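Below is the structure I would like to discuss, written out as C-alpha cells.
We just call them A, B, C and D in the order they show up, numbering each chain from 1.
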Amino acid sequence: MRIGVLTAGGDCPGLNAVIRSVVHRALVGHGDEVIGFEDGFRGLLERRYRKLDLDSVSGILARGGTILGSSRLERARLSEATDNAEELSRELGLDALVPIGGEGTLTAARMLSDAGMPVVGVPKTIDNDISSTDRTFGFDTAVGVATEAIDRLKTTAESHQRVMVVEVMGRHAGWIALESGMAGGAHGICLPEREFQVDDLCRMVEERFARGKKFAVVCVAEGAHPAPGSMDYQKGEIDPYGHERFAGIGNRLAVELEHRLGKEARPVILGHVQRGGTPTAYDRVLATRFGWHAVEAVHRGEFGMMTALHGTDIDMVPLAEAVTELKRVPESRMDEAESVF
Amino acid sequence: MRIGVLTAGGDCPGLNAVIRSVVHRALVGHGDEVIGFEDGFRGLLERRYRKLDLDSVSGILARGGTILGSSRLERARLSEATDNAEELSRELGLDALVPIGGEGTLTAARMLSDAGMPVVGVPKTIDNDISSTDRTFGFDTAVGVATEAIDRLKTTAESHQRVMVVEVMGRHAGWIALESGMAGGAHGICLPEREFQVDDLCRMVEERFARGKKFAVVCVAEGAHPAPGSMDYQKGEIDPYGHERFAGIGNRLAVELEHRLGKEARPVILGHVQRGGTPTAYDRVLATRFGWHAVEAVHRGEFGMMTALHGTDIDMVPLAEAVTELKRVPESRMDEAESVF
Amino acid sequence: MRIGVLTAGGDCPGLNAVIRSVVHRALVGHGDEVIGFEDGFRGLLERRYRKLDLDSVSGILARGGTILGSSRLERARLSEATDNAEELSRELGLDALVPIGGEGTLTAARMLSDAGMPVVGVPKTIDNDISSTDRTFGFDTAVGVATEAIDRLKTTAESHQRVMVVEVMGRHAGWIALESGMAGGAHGICLPEREFQVDDLCRMVEERFARGKKFAVVCVAEGAHPAPGSMDYQKGEIDPYGHERFAGIGNRLAVELEHRLGKEARPVILGHVQRGGTPTAYDRVLATRFGWHAVEAVHRGEFGMMTALHGTDIDMVPLAEAVTELKRVPESRMDEAESVF
Amino acid sequence: MRIGVLTAGGDCPGLNAVIRSVVHRALVGHGDEVIGFEDGFRGLLERRYRKLDLDSVSGILARGGTILGSSRLERARLSEATDNAEELSRELGLDALVPIGGEGTLTAARMLSDAGMPVVGVPKTIDNDISSTDRTFGFDTAVGVATEAIDRLKTTAESHQRVMVVEVMGRHAGWIALESGMAGGAHGICLPEREFQVDDLCRMVEERFARGKKFAVVCVAEGAHPAPGSMDYQKGEIDPYGHERFAGIGNRLAVELEHRLGKEARPVILGHVQRGGTPTAYDRVLATRFGWHAVEAVHRGEFGMMTALHGTDIDMVPLAEAVTELKRVPESRMDEAESVF
C-alpha cells in the first residue's frame, strides 16, 4: 500500500514520534510505501511530498517539531482538496492518508473522508481538549514544562514574599493549568471553564500570609476570565501599530492583585516554551502507539476514524464523533484541585 | 473523623504527594484529624505516630521518599495487627486507616480490613504491576529516568560503535523496560513476560550494522531471562562473602553479545536512580488525586477498597480484586513495541 | 568563635549551599558557633537570629531560595548598623559576620567593615556582574534555565516559521544573554553593553530565510536598548493604576520585528524562573567552596574581604575593590558570540 | 585557507559544538574552507573527509556525540602520519589541522606538529584531567549527570535506611567524583589521588546513624583504591569467557560496607550515561569559544598550540606543555570537600 502522512496546525512534542512510528510499522511490518507531504495540507494540494524510508526518520523520536513542516490552511483552499478528493487520491496513488493534527485538522480530515479519500486521523494537541480520547500527546510535555517553572518560581516567591501569577496555555480548555497547578502545588488555579472571582484569590493570599506562609502562586490559563465586575483592570492596550497586546490575563491579574493586596505580585507568561522541545517519555510512547495503530487501521480498512486512548488501550473512533465538541475540564476535577491548595 | 495514614514497602516518587493530599482534603475539606504512623505497619503496631497538620506537609509535594518513613513487615508481626484489628482501631481512635503501598502492603491492608479495621488503600509501585488500576504513580518517573539515560547512551554508543545493554527495574513485570525502551527508541527490549533468544538480538545488531547504523541499544528488564539454551553465560557469581552478586542479566547479556558479535558491548545497570527523587508532573497529579479520593471513600464508608485509575476517572475497587494477580505486559503491547525497533 | 551569617538582596540559587557550608566548616572543622540572622540586615538590626546546627542545614544543599529569608534594606536603616557596628558586634558576641549578597549587600558589608565590624563577604548574583571574581554562583543556573528554554523555542519557531524574541535577565550587564544566547545557538544577541540596530536584526533574519532557514531566535537582555532612532516603538505603556508596564524590550522588539519583516514574531519573557529552583552542580560547588573559604578567612582574621573565584582557586579580595564597578561583557566576548550566529 | 578538523578518542558532550564553531568562524569570519575527517586520525590517513558548510553543522550545537565519528588509533598507524606529515598536508591542501581530543589525541597532535604539520589542538575530556587548562568541556555535563543521580539516590537511601555507593568515572583523576560528590552532598568521596580507608567510611556511616541520619551516600571514582590491607574484598571476578569483570570498586565497596556495617549497602555504577547526551550550557559555551579561538590561532599562525581556559580567558598554550602530566585533584580540594560531609 501507499500511505501518505502529514502534520498540520500548531507545534506539538511527539509529532516526529508518530511519523517515525507510521514509517516503521508500514515499511517493516507490512512492506508498504510511505510518503510525507510538506507543510500540512498545503503539501497535499501542491503535490509536494517525499518518500520516507527508515533512514529519513532515524534519530527523530526525541526531537520536537515536525520534520514534515506544518501550516494552517485557509478553508477556501481546503475545498480544493475536498472537491477532488478521489481524483487526488488516485493521482497520487494514495491508498490512505494519515493526517496528524488538532481540531481543525481532524475536521478537515473528516471532510476529506466524507469526500471519498481513505483517511485515518491521529489527534494531537498540547491542550488535551479533543473529545473521544483520554489524552493527546504533547499535553504531558506541556504540563511538565509548566510544572518545572512553578517549582522554580516557588522558591523565588518565598524569598521575596511575593505573589506569582503564572500564565499557561489553554484558550478554551484549562487542562494545562489544572494539571500543572496541581503538580506544582499552586495556591489558586483559574480556568476558562469557570469564571473566577478576584476577591477569592485575594482572600486565599491573605489567609496564607496570616498563616505565616508569606508567598503564593496562582496558575492561570490564558483563556481564563474573571467574573463580570470582579476585576477592575479589564481593558487591553494598544501597541503603536494599532494592535491590542501584552495585557493578557496573567499580566492584568498580577497588576490587580498587587494593587488590591498591597503586596508585590509578578506575572510570568510561560508562552511558547510549553509547546517546543523534546517530548516526555509518556508522550513518546503515546505518539508511537498512535502511529502504530493508525497503520493497522489502514490495513483493516477502517477509514474515517482516528486513534484514541481509552484507559490503556488504543481504539479507533469515528472522526465525526471526535470533533463535535471540545473536551473541557469537568467540575469534579476542579473540585479535586481546589481542595489541595 | 480521625484518619491514620502510613507508607509501606519500597521507595516510590509520589508518596509524599499522597500524604499531603490526604491531609489537605481531610483537614480543609472535612475538618478531620489526620495522624501519620512512622515506618509503615511497624509504627501502627508500636503506636508510633504524629499528628499531621497543614504545616507538616508543606513543601513535600515535589520531594521524593516519604516523610513518614517506610519498612517491610514480617508476616508474623502482621498477625499481631490482624488479631487485634478492632481493638487497635478503638484504642487509637481510628475511624479509618489509609495504607499506601504495593502488593504486599495491599495484601496486608486487605487482611486488616477482613479483620474489622476500616481500611482504604492507595496502590503504589514504580513497576506498574498492580491489577485493577490503569497506572500507579512512580511508574512515570521511573520510565522518565530510564528514557533520559537511553537518550544519553545513544550518542555515546554511536560514537564508539558499540552495543549498549541497559538494565532497568522490573522483576516480574516488564512495564518499565517496555515503555522506556519504546520512548528511548531501543532496538531490542527483553521482558520477564517472554523469554528472549540471544540469537534474535545478535541478528538485529548485525542487520543494523549492515544498514550502516553502527550501534544498538538493548533495554532489558532485570527479571528478563533468555530461552533455555539461548545463552551460554548463565551462572551467577559468588562474592567473597558467599552471596551471588553483580552478574545480573544486563551484565551477563553484554558479555554474551560482545563475545558472540565480536563488537564492543557495555552494560549499564540503572538501579536505584529509577525509584528516587522528585516525581514527574504526571505522578504528582495521580498521587494527589488518589489521596483526595481515598479521603472521600472514607467519608462514604467504602472500606476494604482501594483507589484506582480507570481512563480519566479515579474509581474505588475492592482490595480483594486488586491483589489477586500481577498485571503483566500483554502480548499486544510487546508486538507494538517490537515493530518500531 | 561565634560567626553570624545572613543573606540579603534578590533570590539566587546556591544561597542555601553557602549557609550549609559555613555551618559545616565552622562547626565540624573549628568547633565554632554559627547564628543565622533572619531577613538579611533587618534581622541583624532587630536581633532576630537563630542558632544553626548541623540538623538545621540538613537537606538544603539542593534547594533554591534561602532558609534565612532575605530583604532589601533602606539606606537609612543601614546607618543604624554602621553607627553602632562595634557595639552591635559586642552585644551579639559576634566574632565575625558573613553577609551573602550582591552589589548592594557587599557595599553595606564594606561600610560595616569600615565601621569596625569584622566582616567577610560572599558575593552572589545571577547576573555575574561583580568585579574581582571570575564568576558568581546562581549565574550558571540562570544560564541553564534560559538555554533550555531557547532549545525548546527553536523547534516551535521552526515549525511555525517564526522569529522568537527571548528576553532574559540582565539590567546592566548582559552575561546571561551572552552565554544562554551562545549555548542555545541564538541568531542574534542584544546586550546592555552595546546598543543594537533593529536593521541589523532584520537583515540577519532575512538572510536566514533566504538561505532556507525559515526561523530565527533573538536573545535579548532586559536591559538592552536599541540605538537612538533604530526602533520605532520606544514608549512604555501605562497600566490602569498609572504604572508603566509590560512593554519591556522583548515585547517591543517582537512587535517591531513583526511589523518590519512581515513575518510572525513572538516574545517570550523568561522572568523569574531564571532565579529560582535547584542550583546546577556548578553553582552548588562554587557556593560550597565560597562558604568554606569564608570561614577560613574568618579564622585567619582577614576581614573587610570577600571570597572570589580566580581560575580554579578561591582567593580573598578586598570588599573595597569588588564593588567599585560593575563587571560588564567586554567587546571581545561579544565578537566571539556574534561570529557563531 | 583550508582547515581540517577531526575528533578522536572517547565520546564527550560538546564535540559537535566545537565543530560547529570552527565552521562558522572560519567560513563566515574568514572566508575559509573547512573539511572534516571521518573517524579521527583514521580519516586523515585514509583521506576520508567531507566539506563542511553551514548547513552541515546546522542543529548540532545541542547534540551529544560527534557528527564526524571518532576512533582510537594504534600508535603504529600514527607514525604513517608523522612520517609524512608535510606531504600529507600538501596533498590535502591543508593549511591547518584542528584535532579535538584528549591526552592521546593531543600527544598525537604534538607529534604531527613536530613533524611539520600546522596543528592547533582543542582539548576535550569529561575527566577534566588535562593540564594547562582550568577546565575542559564535557566535564560539567558529566558532573551534572552524576549529581542528579546522587540527588535521586538520597531519597531512596533515606527511605530504605541504606548506604548507597555511587561509582562515577575517573580512572586516573577524581574530578568527577570530587565535584559531583560535593554538589550532591555525598557523605564520603573516594578519589584515585588518595588511598582510602574502609574503616574511615564505616566510622562516618556509624556516626551518621548515631546522629539519627539513617542513610549515607559514598561517591567513589572508578579509579579509587583502598589503602593496602584496608579492604578484605580485593579480587576481581572472572567471567565465563575468562575476563575479569563487574567487580569494580563500587560493587566491591558496597559488599564490603554491608558486611562490615551490618546495614544494607547498594552499589550504583553510573557508567556511560555520564559521557553521552546533550551538553550543559557551560560546556556548549566553552566548546564554542575553543572552536572560535582555534580558528583565530590558525590565522595568526600559532601552530603547535592548543586552546586553554584561564580564568575567563581563552589562551593558547604549547601542546608540549599540555600533555606532560595529568592534572590531578590537589590535596587542598580534597580538604575542602571533606569538611562539608
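By definition in this document, a residue touches a chain if its C-beta (ideal position, glycine included) is under 8 Å from a C-beta of that chain, and two chains touch if they have at least 3 such contacts.
Just so it is clear, the structure is predicted and the values come from calculations on it, not from any experiment.
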Farthest chain relative to chain C (centres taken as mean CA coordinates): B
Cα-centroid distance, chain A relative to chain D, in whole angstrom: 40
Whole-Å gap separating chain B and chain D, where each centre is the average of the chain's CA atoms: 34
CA centroid of chain A to CA centroid of chain B, Å: 29
Residue list for chain C, restricted to those that touch at least two other chains: 151
Pairs of chains in contact (touch as defined earlier), listed by label: A-B, A-C, B-D, C-D
Contact footprint of chain D on chain C as seen in their complex: 20-21, 24-25, 28-29, 54, 58, 61-62, 134-135, 140, 143-144, 146-147, 151, 179-180, 182-185, 211, 213, 278, 280-282, 284-285, 288-289, 291-292, 310-312, 336, 339-341
Touch list for chain D against partner chain B, complex: 10-11, 13, 63-66, 69-70, 145, 148-149, 151-160, 164, 232-233, 235, 237, 239-241, 243, 245-247, 251, 255, 259, 266-269, 271-273, 275-277
